[in-house]
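Dropping the structures in below, format is structure tokens.
What follows is a pair of complexes built around chain A, which joins chain B in one and chain C in the other.
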Partner chain A sequence: MRATLAVTTALLSTALVAWTPTAETPDVTSVPLDGQQTEIRATIGGSSGRLPRLAVPAFLVDGGDAELREAATTLTDVLWKDLEFEREFQMISQSGAAQIPSAPADALNYDSWNQIGADDVLVGNLLRSGGNLQLEVRVMNVERKVGTFGKRYTCSLRGIRLCAHTIADELHKERFGLDGVARTKFAFASDRDGERMTGTIEQRSIKEIYIADYDGKRASRVTVRGSLNIAPTWAPDGRSIAYQSHQSGYVDIYVQKLYEVQTQLGRPAKGTDRVQNFFPAWSPDGTRIAFASSLEGNWEIFVVKVDGTDLRRLTSHRSADSAPAWSPNGAQIAFTSDRTGTNQIYIMSADGGPVTQITSEPRKADRPTWALDFIAYSAEVPAGVEIKKVNVGTRQVTQLTNGPGTNESPTVAPNGRHIAFVTTRWGKEQIAVMDADGNNTRQITFTGNNRYPRWSNR
Partner chain B sequence: MPLVDVMLVLLIIFMVSAPMMQQGFGVRLPQARRSQPISAEPVYVTVPLSFMRDQVVLLGKQRVGINFIAERVAQELKDRPSRDVYVGGDGQVTYQAMVTVMDRLKSGGVDRVMLALAPPDGRQDP
Partner chain C sequence: MSRSVLTSILLAGTLSLVAACGGKTPPVATPTPPPPAPATPVEAPVAQPRPPMPPVPEAPPIIDSEPAVVSDPLATMDTDEINRRAPLGPVFFRYDSDTVDEDGQRVLAANAEILKKYPTWAITVEGHCDERGTAEYNLALGERRALAAKSYLISLGIAADRLRTVSYGKEFPFDPGKTEAAFSQNRRGHFVVTAK
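And now, the complex of A and B:
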């Protein structure tokens, strides 16, 4: 009995070490507050065509222990950055807003806010409620002195960043009908924890899969496999990822749940020492995974159900086909092929069939990712590698980056307004985010080398 | 207060004969949320005599407290190619008051301050 227990414990602990689920942050809940004049929302804001200017003064704290004050500071700071990210508001700087003392919504100094140029002021009031935090948020219009947005949020102290992200998304949605991305996440491969492979000839750097918030914060490690793990792809519900792992000595695709303990990971592509499987891409409807495989000797695109059944080959050409990417509606798949002699991007029906060449890069195109009506990809240019996008309908190509360093491996935000990519411009390989027109590039990872960013669908 | 000689190094001050009145026909342009501001239109800051009493200047025609002028000017200069600002002061305003205003403008990201002056004898520029 004791031996059985010990063995069970040992097995269990092995499983836990290998696939410890990521701690899931409790949901943030919100209820509307009374007295908001939502019907005038569409008519107010920036005059003469400019963006509405929004101030976010430091949140007020009831009670005011140090922990609560720190939470308020974090909330204000994160919310300001979230709201600035979508560029629907012109944000009054935090140092500017600090010139005016914070006050409750019914005691705002409208004259001062008018002088500093604010069209709207977002007022927050934070207090403890049981073990949680309760936050009242109101957006007050300076000209009309009325509230246009008001909600009470219940958040956990640990989930304070998620709380800010939720407010930003809900304000963007109510005010502009915009699906913000403040609650989306990245999956990516990183060597930030610095392990090195031992006992192998290759001595490659270990890469593990991580997830982080869209701003690069709250990064947590998903795999502890001590091998090369790259090219993650999200399940549409955001609760599982698939990735390419070299764990077993050959390359295969693994499916892992993020928030549940598993004793065994899914391996739908069923690789062997002769069959290698690369670049998984989860379908938008969540049922299938497309990937590149050497199953029949040559590199072709295959698709399989997530449970490993119904394997189908989609391409059949003696060249190497790789890097599949689904269209947003799941009806088509983009992929790379060197069938004309150089690597270019092609599209085909998600059932296979005839292919259409989309790019005609002088050198080569790689790593397509499909969002809205465009495919973003990496293109080799004389100076290195840059991000481009091609409109699928018109075939018009736009180059989005222009150095410094190499810029590759794009992934598009679910609302199509931002593109993340890998750049060497800051030394190591880091993930950067830019607007979909190539402007406003900012760094979001800072430690180790970080590659294969993949933006979550939600 | 800032040292005057430091200020002179930091600020390139131009004296211009600029009409401070913005004149024109009243045209109401169609609105679009994503349009760019008219970048050629200069930013005017006026320092009235009352500044000595209430620390309030005029940005265009709006009264703005001196504590807020840096943020306001930073907003106004956003997306403009030129980071120049025209400053006009009442002749009775002290040198110290003008330096205080220019100091705040500098922290708002202004590259050059143009000092607006009236031509002598009431003559008008063409």
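And now, the complex of A and C:
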């Protein structure tokens, strides 16, 4: 019996190297265009305090083969959605913008744009440049007839969506000083490939870790373990993830680089007959991973360096402590505990010590995620589970979802403006994104069951 | 209801497998602390509050090192075949509970007899939950259920090193339905023979 277990474990271990790193999209580079003003943020935009109305007409294509035209259409569509997402512009519909023929920036029909209410027009001009694409983007102010943003982007055809995301982030940054999230990503667990779990006679679909752009597109699978793999967490540089795997028969925490070949994955928390490890959370400074573990009996919160050294226990209570989440500055950790009889959310110093109860849910609170001055969490209600947030300072609670279906596992965008969560409102478990005030919910996964979304830090 | 459950009911014969649902809310949420392990796996447990013993369906436990009788089909099967027969019945739990109730105790007593009959078997106890509540909470609850079943088997004289536990929370429901009947099937300790 012992020999059988050992052989099985060895076989599983060698299987670790059999995965291929995710192909990394080539970088998008940008340079300012000559003669562009960039420091006129305060003087432009809509009058009377309303959002500036922005039109994004179809990009001009020089030399216009079908592939280039398709790329231009994708660029325009993706950029429009990226810019709409942060709600700093009031976006003029693409059908509305299509009423006015596209024209270069120096030949814009300002009267026509003025008539349909545009304050600004984003003009793009796409051409081939060697094996790459070159895109000139200008934002022209309709009233003053001047450019307010101008950059030349070098993109790859394969990275066309990243090109649009980069433009959106740079425009948001220059125009509003806003850190947009168009280039951020999700990690999540999914059974979308429908592969059956081995080593059991039951019909079970494995769950593997996937990453995708913030809009759910360009999803790619990053683990090939043939087991239950859940609860991913991002390294702050966005180039590695840690996650919880049940593959060994115990529950281990693995660390995996996304874009490099590794012969051996990191395993900073290793399961044994008596020890199970759950819910890794990577520290904002990148050095440590907090997790829940039965290392000393019941579940407590531990931190360990990413390389597996310097293990420290942060909580010590006979009740179960679980689901740690770092504060944005890394000084504190939120977690769940049932020490008062029901699961509630507590915070403590990242070194442990006294704890402070943050929620007083009538039923249970779970899965805290901390951004800016609030903690979003899952709250059990009579009809199921809903997303709430609590202001850490004032303890004011706001319920953000109210059905349909059950809504849980929140994760907050790094700029604090959006919350992704898992919902059953569309049948299976899908990931949805809403604004941090609960508005503008949209679906971003569509195949399989998708759980444990985690928004990347950058 | 899954095929394995049906099979286990057929096999267990005299066992009464009742999906325990409803009833009072259990006051205790912590797993039963395991009693001191017996000195040897074959030694009878002492001074344990034994549940009512169901009739043992087969011969008394074989406790020497001789191979089991050749006419015993389980003795010659590989573990997948054994698990398809599901000789170890599942233990069902009430909603949000990790307490092994009387029905569960009867199932575990029968399972313990089978494990004594096949002393080389190693098993994994899987803890499962219905879909209500958060995924995170259910992983903890599933672990408590698996540990509760394991502790009870240890109290019946099964060596701890034959018993692994794993929680699958609400990740692998046995019945995907949204009814209480489905939920009651999914709140269980599920036994898998991993080595023989």
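We take it that the second predicted complex is superposed on the first by the 434 of 458 C-alpha atoms of A that agree within 3 Å, B and C clash if a C-alpha of one lies under 4 Å from a C-alpha of the other, contacts with A are read in each partner's own complex, and residues count from 1 in each chain.
One rule holds for everything that comes next: a residue touches a chain if its C-beta (ideal position, glycine included) is under 8 Å from a C-beta of that chain, and two chains touch if they have at least 3 such contacts.
Since this is a predicted model, take the numbers as computed values, not measurements.
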Overlay on chain A: chain C relative to chain B, clash or fit: fit
First, second, both or neither for A:Gln430, with chain B first and chain C second: neither
Angular separation of chain B and chain C about chain A, which is computed from CA centres of the superposed model and rounded to the nearest 10 °: 120
Partner chain(s) touched by A:Gln344 [first = chain B, second = chain C, both, neither]: neither
Which of chain B and chain C A:Thr223 touches, first, second, both or neither: neither
First (chain B), second (chain C), both or neither touched by A:Ile92: first
Touching partner for A:Gly249 - first (chain B), second (chain C), both, neither: second
Contacts of A:Ile116 with chain B and chain C, given as first, second, both or neither: first
Partner chain in contact with A:Arg50 - chain B first, chain C second, else both or neither: first
Smallest distance from any CA atom of chain C to any CA atom of chain B, in Å, after fitting: 35
On chain A, the residue positions that both chain B and chain C contact, one per complex: none
Parts of chain A lying in touch with chain C, wherever the complex brings them together: 1, 4-5, 200-202, 204, 207, 228, 230, 246, 249-251, 273, 276, 278-279, 294, 298-299, 318, 320, 322-323, 336, 338, 343, 364, 366-367, 378, 380, 384-385, 408-409, 422, 451-452
Footprint of chain A on chain B - complex, ascending: 29, 31-37, 62-65, 67-68, 70-72, 74-75, 78
Complex contacts: residues of chain A adjacent to chain B: 45-51, 53, 90, 92-93, 95-97, 99-100, 112, 115-117
List of chain C residues in touch with chain A within their complex: 2, 4, 29-30, 80, 83-84, 120, 122, 124, 132-137, 139-140, 143, 161, 164-168, 171-172, 174, 192, 194-196
